[in-house]
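Here come two complexes built around subunit A, the first alongside subunit B, the second alongside subunit C.
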Partner chain A sequence: MALFKVISGRLYQAFLLLVVMSLIGFVGIHSVGNPVYNIVNIETATPDDIRRATELLGLDQPLWRQYLVFVQNLATGSFGTSYIYHLPAFELVLSKLSATIELAAFAILIAAAAGTGLGLLAGTRPGTLVDRMVVIVTVYALSVPSFWLSMMLVLFGAVMTGWFPSGGRGSTVDLFGWEWSFLTADGLKHLVLPVLALAIPNIALIARLARAGTVEVQRADFVRFCLAKGLSDRHILFRHTLPNISLPIVTIVGLQFGGMLAFAMVVESIFAWPGVGKLLIDSIQLLDRPVVMATLTFVAITFVALNAIVDLLYAVLDPRVRISA
Partner chain B sequence: MTIMTSLRLSQRRIRGALTLPNGILALFVLAAITAPVLAPQNPYDMLQILGWEASSPPGTMSGNGYRYLLGTDGLGRDIASCILYGLRISLVVSVVSAAAAAAIGLTLGVVAAYFGRWVDAVIMRAVDLQLSLPTMLVALIAIVTLGPGVDRIILALIIVQWATYARVVRSVALSEAGKPYVDAVRTMPLSHGRIILRHLLPNSIAPAITLLPIEIGHAVALEATLSFLGLGVPMDQPSLGSTVANGFQYLLTGQYWISLFPGFALFALIAAINFAGEDIRRLWDPRSRSL
Partner chain C sequence: MKFSARLQSASLRAAAAAVILLAGSAIPATAQQLRIATSYKLMTLDPHFSTLNENTSLLSHIFERLVYQDEKLNLQPGLATSWTRVSDTRWEFKLRQNVRFHDGSAFTADDVVYTIERIRSFLKPPSGGFQAYTKAIASVSAPDPATVVIETEGSQPTLPLSLSAIFIMHRGSEGFATTEALNAATSLVGTGPYRFKAWRSGETLELTRNDDYWGGRPSWSEVTFRIVESPAARVAALATGDVDIADFIPARDVETVRQRGAKVESVPAARLNFLQFELGKETAPGVTDKSGKAIANPFRDARVRKALSMAVDRSVIVDKILSGYGTAAAQFFPNGLAGTSSNLTPQPARYDEAKALLADAGFPDGFKVVLNGPAGRYPGDGETLQAVAQSWARIGVAVQPVGVSFSVFNTKRGAGEYGVWYGGCSGEAVDVCLEAVLKTPDAATGAGALNYGQYSNSAYDGMLEKARATDAGPARDKALAEVTDFVMRDEPIIPLYHFHHIFGYGPHVAAYVMHPRGWTTAMQATPAAN
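Let's turn to the complex of A and B:
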């Protein structure tokens, strides 16, 4: 019963969030520019053409009526049609999804593995050279602005050495109706730099968390008990320490994965990676309002859903949470 | 706390503050303040820019009689001068927005904790809404709505940042508000405003102070990112982010200096702020010392 209450409360809050966000986003994107000028040919269009295009898009209506139309369309599952691509906006977002997902998934997997590894390495040897190196290097890694990191990866990984391509997805393979790059050698090569750009700050973040957790857990009585019992260091580390530090790591992995869907737009713009983030940036610049709304809603829903999943995982990973909830 | 221990503590604080990153940070601030004197060129003044010296590599002599130490960009602007002037914008935007966000968040957090009930509910729901979306997304919506410009970007960053302060401060203020001294002042004929400002707020301020440097670092990065995406400060007022962005198209043809150096300055600035923030946190919050 308590669980039901928690879930319904969360759903209600998520719903409220989406309503408020759609309202703010709607007013926001409708307060800038006039998309008609991006649609008609500005040199040949007569005032009559412009007027007709405006009426066709419903832009002559007052804002509140446009919002009502938007909500009405939403109730039938439609975000409207893209002004630029003349495709249903939500389908357009979905078609770009596989590119962003494979980027974010690879980045977060690498970050989780490398970050946890570094954190355990440093945390079991507090105060040593390795530990201090990890602590200092991670601050630097967290300070690099992601767009500059991406550009430096382009400069050193592509322009100067020619090891990796500087942008694009390379050749893709169709699987389950989506295009995937990681299934071809060429696609994998294209993935390396953008994945690194997304992963590096997250490796640092996870390493710091894992290190702090390890330092704390290593001092705990149960670790000393395990030592007294004669268990090997490796056994203690992976069977006892790791599960105990996993909670904050799972949280940050979930949150960062959601954040990546939003933050990937910088990395995607630089590497010309045709994902959701690049679509959002391009649509904002082209004033393609239906696509902007569809993308914003999609990212928000994903983020909220991931938050909820993380909360549920808590209960699975930590029995204490189950009892107190 | 005796006078001696507090003296020793403040001594430790002063000594702790004399680190390399803090020195670098001080240099950055100094460079930003003295930019008009230090910079050989004013990159905002088109008359001082020689268009035919565009994209000169580092070390080229200028026709104006000085050396382009770090080269010029695609318009002929001296990169070193762009960095110095860009620093001003980055620092002003981040410090002003973080300070304003801290003031707003602090006040709302304390007010929520003091009044409780519906005031608390309204403020905290707004905080929840704000924090349940990725920062970048909130910043993006805000800046698109507000439009470009330095004042707009400050406003957008305030909108992004206030909620974090409000949440952290409220949790501390809640426990403070339950203490006997607050009950005691509540029995006196003092206005709510006075109790909040003179008694509750000073005792709830610590977490906001440890948060401030971290948020300033975030603000520098966010401003640069928004400017990089072409949504931040306008092109004729180059910030560090937009200077880096300008260089992107030249990067692929090997003219690395346009984005390399300003980006490195940005990176060093954020790193220095983050290290300073770590120091402050260590001194103010003993629990995080193991981090």
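Let's turn to the complex of A and C:
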């Protein structure tokens, strides 16, 4: 019964989120401008062409009616057809998903492993040179804007050294109906720079969290008891400290992974990586409302799902959560 | 003996054939592959969906037109070898023989009929841009497989030019092909030099050579377009050798590209960017006197327009903002292209004269204007607004430059919210712009589609109609030049510049022939000898 309550509460939240988000997205795109000007050739089209195209897309209707039509279509499982590509909007989003998933998954795996490692390293040695280095470097890595970091990676990794390609996905392999880059050597080479661009700020973020947690936990009584009992440093670190600092890290990893799936648009644009973020930003620029709405809905669902997974992980990692629930 | 000799020679021949075959099969190892980073996103595979270069440039590898427009904008035979105007309203096109579609079927006059019918009667908006080109056609028929006869509504001397926009599709067995079916790429057959291989929307277009092409074997065995919207990413891809050609390189990156060993080509675009005025209304939005009080629309006085035009420093825009990759303008197309006037040349800024003229018109202290424009749509657009503001400040006109995104700009311009703004016009011929920007707007004929300021000059309208009714050739070009001379004396717009298309290419490409329409195709690239 309690579980049912939790789940229904979650679903209700997700529903509210979707409604609010769709309204904001709808009104936002509408106030930016008229997408017809991106579809017809404004330099040759007659006012009549523009008027007919506007009518066909239903853009001559008042906004509330357009929204009702959108909701009606949604009830039948359709987000409509992309104004620009003339393909079903949600299919278009799904077709970009594999590119984004492999990019985000690699980036978050690297970030979680390297960040936690660095954080533990620094946190167990507060005040030493290693600790100070980690603190300083992570501040820089966090403050650097994403587009600058990406440009620098292109400059050093591609233009100056020629080690890695400057953009694109490289060759892909078809698996489960999706194209994957990481299964080919060429695709892996294309992955390196954008993965680094996404991972570096997250390594820094996670390292700082892990360091702060470690410093705090190392001072806790139970660590001293462990030491008094004669447990090895290594055992204390991995069996006792790590689980204790992992809650905020898991939270951040979940959130950042969701962010990468949806909003890696800067990195995806600079590396011409055809993912969901690039589709979203391109669609916003072209005012391709069906695709924007489909992408935003996908993003919202992803975030709700990820948060649920993070909550579940809490219970796995921390016995106290299990007891209180 | 005789028999064995024959046998021997036969086996020799077979051996020779085998050697040739082997040698032949060795060639693909050094096959010519071309990789292009393009800004054109190729929205759909339906060749009749949108007239934007975004679509037509890439699809011109697969589909062909009856008539082709060369890099001087002159018409050349495409799928039609010749065309004649039999009577005032009747055209006859002779079609090229021995042309085959990619599925092996022969190209006939019936395919032309099908194509025109598909555009005229099957496609619905928003995919209706091409109807502008078929509007003048009353009927189309195919008396024999090699001849197409087109009847027009009234005299249409530029019908071949209109047809130079239309890709010929193959009449399939199941009625008109839908855009959805074409996007699924199950029946994408044209007559073009390259065959369709794969398309991922917004990502890539892959093509292979059409070995049976009527114009001889195309130069490249494989062509891959990568859609890269970010200019910096296109430059990086070219600089690192990830691609062989990158289109639309920002002028400021030309040096970088050259330093990395790539070559750069540019051509003045067959288009104009200009300032346009609200002329229809008694007051112009955003125009006030210096204290902010409303004033009568100053732009309705030709002297004011002339003064403002004289006070624009075009050399700053061309040299500084566009880094030399722009041409100062005095008319719609760059001087030298068909239909342009040699009398009109861009003048340097003359501030004193302009100020005196403005005083003459009753504005010795100038006035205040909001100058609107799109930001990031055309090369140099946002910076140009700033440069004009500085220039006009010198004759006492206080300018507030406002750049917004292109769709917002269009929405507001269409709603009549602007007093003076930055616009653009392009077309397959100069009279397209003369008609769209300066002719009195008329919803029925579609004239004046870009004449948002309601400029109206009946003498000009009459002259233009007469010039456009003239048969293609020197007489028509001369008439259009005279019309341009006549109308520009009235200063209906302020011509600013023709920006240049800038393309870069790497070592695998020996030469790239630029097209003023800004097309990006493999056909324009010659492979470098190995």
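Definition applied: the second predicted complex is superposed on the first by the 319 of 325 C-alpha atoms of A that agree within 3 Å, B and C clash if a C-alpha of one lies under 4 Å from a C-alpha of the other, contacts with A are read in each partner's own complex, and residues count from 1 in each chain.
One rule holds in what follows: a residue touches a chain if its C-beta (ideal position, glycine included) is under 8 Å from a C-beta of that chain, and two chains touch if they have at least 3 such contacts.
These numbers come from a predicted model, not from an experiment.
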Ask   = Can A:Ala308 be said to touch subunit B (first), subunit C (second), both, or neither?
value = neither
Request  = Examine A:Pro47 and indicate which partner it touches, taking first as subunit B and second as subunit C; both and neither are also allowed.
outcome  = second
Task = Report for A:Val32: first if it touches subunit B alone, second if subunit C alone, otherwise both or neither.
result = both
Request  = Report for A:Met151: first if it touches subunit B alone, second if subunit C alone, otherwise both or neither.
outcome  = both
Message = With both complexes overlaid on chain A, does A:Glu216 touch subunit B (first), subunit C (second), both or neither?
response = first
Query = Touch check for A:Leu231: first (subunit B), second (subunit C), both, or neither?
reply = neither
Task = Using the superposition on chain A described above, determine whether A:Val137 touches subunit B (first), subunit C (second), both, or neither.
result = neither
Inquiry  = Tell me the contact category for A:Ile24 with respect to subunit B and subunit C: first, second, both or neither.
reply    = first
Request  = Once the structures are superposed on A, label A:Val159 by its partner contacts, choosing first (subunit B), second (subunit C), both or neither.
outcome  = both
Request  = Determine where on subunit A the residues touched by subunit B overlap those touched by subunit C, and list them.
outcome  = 32, 151, 154, 159, 166, 269-270, 285
Key: For the subunit A and subunit B complex, residues of the former touching the latter   = 13-14, 16-17, 20-21, 24-25, 27-29, 31-32, 139-140, 142-148, 151-152, 154-155, 159, 166, 208, 212, 215-216, 258-259, 261-263, 265-266, 269-270, 280-281, 284-285, 296, 299-300, 303-304, 307
Ask   = Which of the residues in subunit B end up touching subunit A in this complex?
value = 125, 128-129, 132-137, 140-142, 144-145, 147, 217, 221, 224-225, 228-231, 241, 244-245, 247-248, 251-252, 254, 256, 259-260, 263, 266-267, 270-271, 273-275, 278, 290-291
Request  = Sort out for me which residues of subunit C touch subunit A in the complex.
outcome  = 37, 41, 43-44, 46, 49-52, 124-129, 131-132, 179-180, 183, 200-203, 226-230, 232-233, 236-237, 239-242, 260, 271, 405-411, 414, 424-427, 432, 436, 441, 443, 446, 449-450
Inquiry  = Touching residues of subunit A toward subunit C in the complex: what are they?
reply    = 32-50, 52-53, 55-57, 83-87, 92, 95, 151, 154, 158-159, 162, 165-169, 269-272, 274, 278-279, 282, 285, 287
